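Think of it as A, B, C and D in the order they're written, each chain with its own count starting at 1.
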């Protein structure tokens, strides 16, 4: 089967981007919307066609999913090392195609309503297309460098979209922050990529992930495993660095600070980029290199992934408890859920059921994309109605916005892990996998599950129940263009859990069957329901319980509310240390010392010139004296000293 | 027909015709035609080069279209010209930037004729430099390229123009003091294997100059050229010079003239004195890496757009030097690509800065804001330029930097590793200062009422910008043909190491 | 050739004479005196030539002729110098060396 | 001895003839037509120059007292052309200012005698001839320095020059006596120079006298004051013709007569070259008066000349002559512009040149070219001159000296650019208004510009020089 046509999947959005971007000021809103949606629709159809072909027609040969690669050389580094461009079709990339297409199409549709009347409508759609192009390219990348290239491109699309409202200072700051933090992480990624390229001689995923070569210390890839860098094998170091890149994009602690601020972008953007697709790129990256992570030095790098993921999910869940900005709550929730995925990858084994963590992670990525996008779009709908993101400005909206209410509830139940919604299945697999391999992480994640349920329902009750506020004009349900995607996603969120995911996605590309782990399911549902119940008690009607708890845990509350002051720490480091203590002195040093030295040379010359002007005294006798002295000195030097 | 000498003859003819121009209109028309012809020649040369190269492989003849005319017989000074892939690329860069410079100077008011004459004299020097194989000729063209800067900055500049012009000229001429000694040293050692003394680079490259001489003359030649390439701590002419220079001059200077430094280092210092290069590389790597990081950090705190761009040039060209000193093909390829890429990018930036300044009469980013709203085209191009500058894939900067990083990483010892990683870290700092400008100047609220109705970009400004954008994106999207052409031309160089 | 006087004595005298001239040149305040000092130096040289010729290389008269020329040239020189000094005197009514210090640095 | 062999002195004879013709003409020309004497003088000199260009056989006269070779012949022609340019440039000044006072003939006579002196100095084969030539070149020019008898500065300059020159020639002669004592002759051919102390002493004292004429530091102090006080054409003559000839003679003597003392004078030249370049440049930086400015600049240029001497071979000889030749054109260009402006407006300060380009573009361009040539900026001739001098020094491994010399080039560039700055960069409301130069001045400037532009690029000239400069060792 020839999958060359899949190259069109990214190229169509690129074309749309160029058309809209170059004529951003000329194209009318309607045209832009239609062009954008149609373009993406085409890509979506192709994606689904590919998925269908791959999973059900040609992908499996002898029970193993094949990897299809189409590529061409893009640039040569050395005689052996080159960057290729192309498409790689394997289970996870196809799965990602489906996710990206679905969410992106929904967001496109939704944006037509949400962004209606905005001045930069065309620009917005151009950016969305650019993002889609980059994300498809990332997903289909055949090698590390290609993925890095598109990695950067999604970063810049994200930057452009967060800064979409470019006259708003907070949006500018957020876009800068997002870009620079991820850029910092990409610095690690890049070094990692270069290290891999140098020590293994290739960037190619297929070569790198070859499990046989990875287990053979004489293979070209493994030859340099013994070379150490900073205490670890270079390849482990490289993998950890690559993970740093992934952690940056996926908002893992401590590189997560950009994600909440990124909510300054229009809500559809948050749904698409900062909830469903781009932020999971880090997970995808680790999954992409999973065989390497797993086999190199017994998976030390993978352990790092697991703990970072686990810790991030916990800290994000805790912070989410106390936030009031509804999009930020969702952002921390996203971070927490990605932590889940990372953790799951981290504890996963390789073959057969061992690979449950991997499968679960991908599964959760899939389901999470659906319900988290739904949550964001729902939140967007709410914000659209009340013109505020703050929880305190909302309440009792269920009467005004029935569709939003229901779909939001479905999503909340899904994320809380209540069966039979999608989240239940994927989370169950994750917890089961964790239980098998790492008890500590299991318990952490179990608690997080409860916290998740609590803060999600705090949010839900806060918005749709509780006390009704005084609105400037009565909130109303959003137009069909917005509610239709909500409904579609709600349906998907409800039923996606039933997909037999492990049949399609597994580390060793051999499908296997999973079943629900009843004991673990019971535990997780239990704590989930408990969380919901507490939220019910506290927030369904306005009570003072929350305030009491707040004051009881005053110190802890303050720290959580302020996100553990991590932002402030960064600010301190950047503004106080890098800007004031390093950059400023550098600028000063340049102006005064380096430049000063050059000027000093010039000035000294002129000064000497001034000082010696007295020698030309205008007196002929002085001249004569100089003349005679010159003769005498020359004579003395050449007769007495040189001879 | 000698298609290379045309690169000198055509500009000279342009100058001679320009002398008879009566007013701005005539002057710019002549300059434009001259520029177009030069661009046409450069593109034609590229195709001719490919045709010829297909017939004559690099191993047989590193340079093509070689023409040799005896000049000063007694010194064995020849006017020898020829090109390889590197010089072809540089010639294209030059012709594009010159043409863009003419577009940007479309409305120059004061002494238009003289302005274009000086500009094209400068271009002549640059063209000549890139086609020379003879060191003496090369040195002459080098100085011809540098000297018009004095008049260009001094007459048409702004701010402390007299000071900046003088500083720039003296520092560059002071550097050529070292260079001259270096060149003479090479010349007088060019008979080390018993042949005749010669200035011909290709001939000298066959000679093994004694190690002691290489050790002595490499740093001289290197610094001589590197001052033009803004090597720390000899870069200080650059910020002041750029800040005072008129737009087109900044473009040409940063875009093309500073490339003479890297090119010269490569073609002369390293090609002819390889042992010296190996011996000294550690020292200059330190300076160059300092330049990379330091330039980027210094750029963070500047408020004058031109200073930001000047320091960014220090940083970017520092990378060129680092890459050259890494002594392998990949890094060299990166260095040359970076030269080209920086040439286009920085010219683009200076053009944009010029346009913004012309409209708002300030270059202080703190006084500007929200330009995206009032000057959408210029701002959008600025953002694209910024993205290219911070090494975003799809633009030329990325291609160049990746080659540099991968090449630099080929060294396994700790020193090179640290240097490499420090260099790579600059991409983060670059992002900071680029986004700072974008955030403050292009985004945000409009800070000054007067800025609400600024005139939109004119056709000639747009042409100038397109001219520079096309190669930036072209190189970024499809680097293979260019980088392969350069890689191929690097073979004789790597053979010396 | 003066009996009883060696060339060294003569050369010592002329050298002294020469440096007296130099000394006078540097210290005198009157332009005419300076001119006289110069004459002393030239005369010292003239004597040198004659003495060297006579004592060391008596078979050719090179030194003697040279001294004749020196005297002649010195005369011309003096004439020229005096005329300039006179001209200067007409302009500033002084022949002190310190009136010739307007151009300096 | 055959009288026709006296034709070897053709340069001198023709010059003498036109000198005498001028005297005769003075007698026969009526009061009204005095101005035409100037034209006559120039035309006569042009004829002399033309005759001088005809080929001449080599040979010696008077038992070796007078020698002529292809090289001296060539160099005399260079001096002729230089003086011709100078006369063309000063033609207006002579007609407008000098001829009225009935002093035009004197000017020509004095200039011609001085040039005659230089010719004899160049061709001298013994110290007597040399001394006479030297004095014959100095004394008339001293008279010319004090030429403007109504100006105190002119007289001051004259007295400074004559006193310093007398001191210098006294010292020099004293040195000659020492060498006479040790070597037994005054004929260059018969002198046997050995490196004993007395000879070295003699040589050093003799050198001081010649260094005075080339204005090498520390024997240069008279230069600036004299140039400033003298009429511009005289300053120009001093800085170009007289200095160039003296440098040429110095080279001949060092390369031939004093060759045995090579180890001594190489070091001496090394030190003096550095000292001269630095002193000349450092003093030049601050000058405001263009004549003083050019005086110090010419001191620095003299320092560069010494670099060529360090390679004691054909290469060095060629580069020195080549440089001097280029220097003649460059410096005359600069002096010419100064003179043109001084004649028209009487202004001689750098500050007066502010905005000159906008009012007098062509003059400014000539000045620009001349200054660039002096500074050594390609592609004008000065670059080639300097570069080859550096090559000569580098060929013997004096890289440090070359480096310091190029540093000096940079310093000198600074002050040359100061003048360029005034002319091109500045705008001024009181800029010198546009004036039309007279045809002679134009011609004078055009010749210099042609020289400046072509000498460097036209390589066969250098090759020809290289060929003939071998004859220096025959002297």
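A few remarks follow.
What we mean here is this: a contact is a pair of C-beta atoms (placed from the backbone, for glycine too) under 8 Å apart; a residue touches a chain by one contact, two chains touch by 3 or more.
Given the structure is predicted, the values throughout are model-derived calculations rather than measurements.
Of all chains present, the one whose mean CA position sits nearest the global mean of protein CA atoms is B.
Of the two chain pairs examined here, A-B and B-D, it is A-B that is joined by more C-beta pairs in contact.
Centre-to-centre separation between chain A and chain B, using Cα means, comes to 37 Å. A straight line joining the Cα centres of chain B and chain D is 43 Å long.
Chain C and chain D have Cα centroids separated by 27 Å. Between chain B and chain C, the centres computed from C-alpha atoms are 65 Å apart.
Multi-chain contact residues of chain D (touching two or more other chains) are listed as 159-160, 163, 167, 171, 224-225, 286, 414. For chain C, residues touching at least two other chains, in rising order: 22, 25, 34, 100, 102-105. Contact of a single residue of chain B with at least two other chains is seen at positions 170. Interface note: chains touch in the pairs A-B, A-C, A-D, B-D, C-D.
Those residues of chain D that touch chain C in the complex are listed here as 126-128, 131-132, 135, 139, 142-143, 146, 149-150, 152-153, 155-160, 162-163, 166-167, 169-171, 173-174, 176-177, 180-181, 184-187, 224-225, 228-229, 286, 292.
Residue ranges on chain C touching chain D, taken from their complex, read 18, 21-22, 25, 31, 34-35, 38, 41-42, 44-45, 48-49, 52-53, 56-57, 60, 62-63, 65-66, 69-70, 73, 76-77, 80-81, 84-85, 87-88, 91-92, 99-100, 102-105.
Those residues of chain D lying in contact with chain A across their complex are 159-160, 163-164, 167-168, 171, 197, 200-201, 204-205, 207-208, 212, 217-219, 221-222, 224-225, 264, 267-268, 279, 282-283, 285-286, 411, 414.
Chain D meets chain B in the complex at residues 315, 318, 372, 377-379, 383, 387-388, 390-391, 394-395, 397, 399, 402-403, 406-407, 409-410, 413-414, 417, 420-421, 424-425, 459, 462-463, 466. Across the complex, chain D is touched by residues 70-75, 77, 136, 139-141, 143-144, 147, 150-151, 154-155, 161-162, 165-166, 169-170, 173-174, 176-178, 180-181, 184-185, 187-188, 216, 220 of chain B.
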